[in-house]
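The structures come next, written out as structure tokens.
Next come two complexes, and both contain subunit A; in the first it sits with subunit B, in the second with subunit C.
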Partner chain A sequence: MLRLIAQRLGLGLLTLLAASVLIFAGTEILPGDLASAVLQNTATPESLAEMRKELGLDRPAAVRYVEWLGNAAVGDFGRSLASHRDVVEEIAPRLRNTLFLASYAALVAVPLAVALGLMAAIWQGGVYDRAVNFVTLLTISVPEYLVGYILIKYLSVHLGWFPSLANVTPDTPLVQRIGLTFLPMLTLVLVVVAHMMRMTRASVLQIMASPYIEMAFLKGLPKWRVVVRHAFPNALAPIINVIALDLAYLIVGVVIVEAVFVYPGLGQLMVDAVSKHDVPVVQACGLIFAGAFILLNLIADMAAILSNPRLRHPR
Partner chain B sequence: MRLFGHRVPLTALIGLAIIAINVVAAVGAPLIAPYDQAAVLGDAWADPTPQYVLGLDDLGRDLFSRLIYGARMSIGLAFVVTCLSFAIGIVTGFAGAVLRGWVDMLLSRIVDLLLSMPTLIFAFIVLSVLGTALPVLIVTIAILDSTKVFRLARALAMNIAALEYVEVARVRGEGLWWVIRREIFPNAVAPLVAEFGLRFSFAFLFIAALSFLGLGVQPPAADWGSMVRDYRDMINLDAMAPLYPAGAIAILTIGVNFVVDWMLAVHSRGHGEGA
Partner chain C sequence: MSERRAGEDILRVEGLRVEVRTDRGPGPVLVDDVSFSLRRGEVIGLIGESGAGKSTIGLTALGYTRNGCFITGGRIDFEGRDIRQMSAAERRALRGPGVAYIAQSAAASFNPAMTLFEQICEIPVLHGVMAAAEAKTEAIRLFRELDLPEPEKFGNRYPHQVSGGQLQRAMAAMAMAARPDILVFDEPTTALDVTTQVEVLAAFRTLIREHRTAAIYITHDLAVVAQIADHIMVLRFGKMVEYGPAAQILAAPREDYTRRLVADRVAGHDFRALRTVGEPPLLRVSNVVASYRSLLRVIDDVSVEVSRGDTVAVVGESGSGKSTLARVIIGLLPRESGDIRFRGESLPPQLARRSKDQLRRIQMIYQMPDVALNPNQTLLEIIGRPVQFYFGRPRAEVRARVLELLRMMDLPEAFIARKPAELSGGQKQRVGIARALAAEPDLIICDEVTSALDQLVGEEILRLLKRLQDELGIAYLFITHDLGTVRRIANKVAVMLKGRLVAGGDTATVFAPPYHPYTELLLSSVPEMRRDWLDEVLARRGETLKAVRDAQIRLAS
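What follows is the complex of A and B.
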């Protein structure tokens, strides 16, 4: 098993390396280089040449890639072209905010989705099951901003329960932070819970078809006990797998939810940087998002290995 | 109700109706919309009246008319992107499956590479350098999206290319292009059509999300995503304005998904069988 895990880890690192090449190449090989992107319409041949020199664009791309990657590995992403501040300094507080929001949403979404999925499996085919199925089918198609604005309109503007803007600062105390980010968290939860819940239900129901479950029923155990004690532990692996993949989806959702609630997170920073052609910031944000995406995919792979006894115990 | 010999369930009927209404609105926008999308008709955020069904927007333009023109932009863009992504994906996918060898290797590795990070993030990186002109948007999203079409087309063609009748055609001495066009393509059409619906709703949501973030369709042109962005501040004043375009996006996506679900179900049951 160790060999398999080492293989997956190596593969993950390789993927990250590939992503870094893509991120760098995406801003390099394209027609019109960084200098003309920065200067836009104000570019003259002289200012372009000067900008190229300043950005080091007169050296070959491969050299710059190795340099960029080497610096990134020790946590140096250069300076922002827009604010001229250190990129890491710009990113650090934003990353903390985004991680906070994402883990807050994950902490609520995962137990909720598993519980709802189990209930749907226990009452399979019943009114609850069909109702949940229909509602989740609808929410899967609904974009994050619609959910977000509906929540703002009813929970914030009408009822005044929660603030509509999640304007946290680095020294907002934790309790207040939880309240301020409640609506963004709820939006993310509503968007990801549907898929997680459906997959939990499907995984449990697949196990429910096995002979040992029938045996448990024949012993006279109540249905909830069969589902929770006999089926669920064996369905755990595919569930963890799906959850990890859904959390990877959360990365994209977070970018949009941050925009809805004007939350000072990494996604907002990246969107701003894209519209300002601030390439060093875009590259750094891109690398972090890609890294998180690859990490969660890796965890999904690992869960699949760990859950399979045939892979867990070497022959 | 039956369509092409298949019974159509209620959800699929609803889906088809939603798609039909949206397509009519998109194609016939100038005929259906009561006012021009750029015409300033009164005060900003005037309340709905029988004359202006949804009221006026931030610049005093008729909201309902703008929604109809927005359908044209949103659906048109998504359709063009999906067609392009299918053209790229099918050609490369079939080529990979039929030619095998280094061509297949190379194409598959490129696709793996493109799928190694979230599509939205990769789109950000490209847009940060190339800007957000419409052709750039269309080509970028189409290429990113074609990776998924490539995988499906390649898998389908691999399966079909292994069947006897394809071998017969090859032994008979038919050329590569003939085999793809006459033997493989007709047999891959059904699953590809369902995939077209899925890819369309993906491209549609993706463009809307980019526009909502201010990185998609730029003013004065407007699609539903950028309308949500333009009207978003009004939500704090308890207005419905941003919910109309956002709701339109959701409804069309749901409609397309209903139809795709039905097509996939029909396909998995085999041809001609009613349910």
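What follows is the complex of A and C.
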């Protein structure tokens, strides 16, 4: 089993490496380069050449890639062109905000989705099952910005329960932060809960056809216990994988929700950086997103492996 | 059982009827007008082929029907109360402490994600019969009673960490956990090796006797039920054929169908091949060694010869390497050393390096026709493929040949457009045989071809194979664990134990004293119809097992 895990780790690192190549290549082919971005209006062919030489841009791309990757590996992402601050300093508070919102949403969404899915499996085909399927299908089909605006209209404008702007600062206390980010969290939860709930329901129901489930019923166990205790542990692997994908979305894909609620997250920063040609920031954000995606999938893979009792308890 | 308290029917089934109901209306009737009663400490054997409704009846005793099936008539009284009138909660309370179930495949019926203790103690604890600690003590006591290894720690294992025979006994422990009044055994030894079956059967019998539990014992094997049942009910197509005391059913069956079941088991027909002498052997396997990726040798120094018109049986328990031997001959698993000569020339170890002609001349028939036939193809495609592949015949000729093969298999010509799902198990196996014959082979390897079929259907398949051999002179290599069949069909036999050949030669010689100890163990484990058979086997068992161990030690050194 250790070998299996080591193998996954190696594959994960390889994927990250491939992603870094793509990110570097992507920023390379953006129109205009660092030198023209720095000089902007004052650029003349001579000054551009001078600047490129100064920044080392006249060297081949492969050399610069290796240098960039080497620096990134020790946590040095260079300086932002827009603010002239260290990229790490620039990113750190934003990353913290993104991770906060993602964990907040995950803490609500994952248990909720699993519970809803298990209940749908227990009352399969009943009114509850159909209703929860319909509602989650609805929330998954409506674009997230619309969900966000609808929530703002009713829960914020009409009822005034929650603020519509999630303008947190680094020194906002936790309790206040939870209140401020409630609506963006709810928006994200509504978007991701459907996936996880449906996968929980589907994979539990698939297991429900197994002979050992019939045996559990023949032992006189109540249905909730059969579903929760006998079917669910055997249905974990596919559920874990969907959870990982949704968690990755919570980190990587929330830029629209951030925009709706004016939340200072990493997605916003990356979009700003792209429009400003702030290449080092774009690259750093890209690498963090790729890393988060790969790491979560890696954890899901290992958790799925560990959920198999044959591997956890060898003969 | 000798001591019985009269008039104490614990279960009384009257006029039971179970039907399938689908959205499109009523389906087939699975059980029709079945009645029987069961007293404390008494065992009733339900016997019949698949589709006879045995399992369905067994499950109704727990107030349970499978998806789409409904009890539509009759009564099932448990201690005087009709199970059909019980509420869902009352029925749940019945399952476990009242009636408990032991399934055919313990491997499939234990939850892979829970330890044995968790699964066994669950019943008494959830039904409020015992506290957790008491339930565990009880489980350990049952493990000890059932001869399971390390009873204190056995329950900490997961199902996959336990052997098949042990798991089947663990399932009996699970069923007994809440001290039920009735046990329903549903083909509990069918999936086991003969040698394991003896031990499990003995454990079950002791358990029933010691606890004076009533039992419904479901099986297709009359000889098994003869060892354990007081009464026997013979079922066919959901109806009672005959119901009476075990001794009467076995010794003096009244109905023709019962007589056929009994007769096939007692006498059997002789399908043995007539050996043609003088020719060099068709297939000569010499000192072959093979292993899977591990270091463990699965086949070790095995030699077998098959001549034209021969039927050579390879026998042994699961894990003895007999199926691997087939894979090595076919070329699916390349041999490591030794030689395989076919028609005088050495066969390349790998499948890919064999010529089309070599491939054509050795064909295979599989244990499970369900899995071996492509469900999306028609019989024309399935049987026509080898005709086209090996002989490159035009379409019209392929069709004509497939029709001819269907006729040879006693299958209607109209089947040519059908798909496997529309056929019965026996018919599917005939298609498998037709596909093998389509290549016009010299040798057919039959891998447990009758073990997934009902007794009488399997008998017909053997008859068909024998007829084809007489007509076409094909040689068979017959891989099986069923020694009764071997004795009747094979003129030569090879006995395998843990990848080695322990005995081989003419069936008459190998299966007659003096036996190799392992051959004796296998032979003595085949259930016989005599009611005292199990006691006799158990009396001699210790000695036989010791002799096998000694022989194994000699082999290894």
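Here, the second predicted complex is superposed on the first by the 286 of 315 C-alpha atoms of A that agree within 3 Å, B and C clash if a C-alpha of one lies under 4 Å from a C-alpha of the other, contacts with A are read in each partner's own complex, and residues count from 1 in each chain.
Just so it is clear, contacts are C-beta pairs under 8 Å (C-beta built on N, C-alpha and C of every residue); 3 or more make two chains touch, one makes a residue touch a chain.
Since we're looking at a predicted model, the values are computed, not measured.
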{"item": "Subunit B versus subunit C as contact partner of A:81, first or second or both or neither", "value": "neither"}
{"item": "Partner chain in contact with A:256 - subunit B first, subunit C second, else both or neither", "value": "first"}
{"item": "Which superposed partner A:225 touches (first subunit B, second subunit C, both, neither)", "value": "second"}
{"item": "First (subunit B), second (subunit C), both or neither touched by A:15", "value": "first"}
{"item": "Subunit B or subunit C, by number of subunit A residues touched", "value": "B"}
{"item": "Touched partner set for A:212, first subunit B, second subunit C, both or neither", "value": "second"}
{"item": "Touched partner set for A:278, first subunit B, second subunit C, both or neither", "value": "first"}
{"item": "Contacts of A:234 with subunit B and subunit C, given as first, second, both or neither", "value": "second"}
{"item": "Which superposed partner A:290 touches (first subunit B, second subunit C, both, neither)", "value": "first"}
{"item": "Contact residues of subunit A, present in both the subunit B and the subunit C interface", "value": "none"}
{"item": "Touch list for subunit A against partner subunit C, complex", "value": "210-212, 214-222, 225, 229-230, 233-234, 307, 309-310, 313, 315"}
{"item": "Partner subunit A, residues of subunit B touching it in the complex", "value": "112-114, 116-122, 124-132, 201, 205, 208-209, 212-215, 228, 232, 235-238, 240, 242-243, 246-247, 249-250, 253-254, 257"}
{"item": "Parts of subunit A lying in touch with subunit B, wherever the complex brings them together", "value": "15, 18-19, 21-23, 26-27, 30-32, 34, 37, 137-138, 140-146, 149-150, 152-153, 157-158, 164, 248, 251-252, 255-256, 259-260, 270-271, 273-275, 277-279, 282-283, 285-286, 289-290, 293-294"}
{"item": "Contact footprint of subunit A on subunit C as seen in their complex", "value": "59, 62, 64, 66, 92-97, 100-101, 103, 105, 108-114, 122-123, 126-127, 157-158, 160-161, 174"}
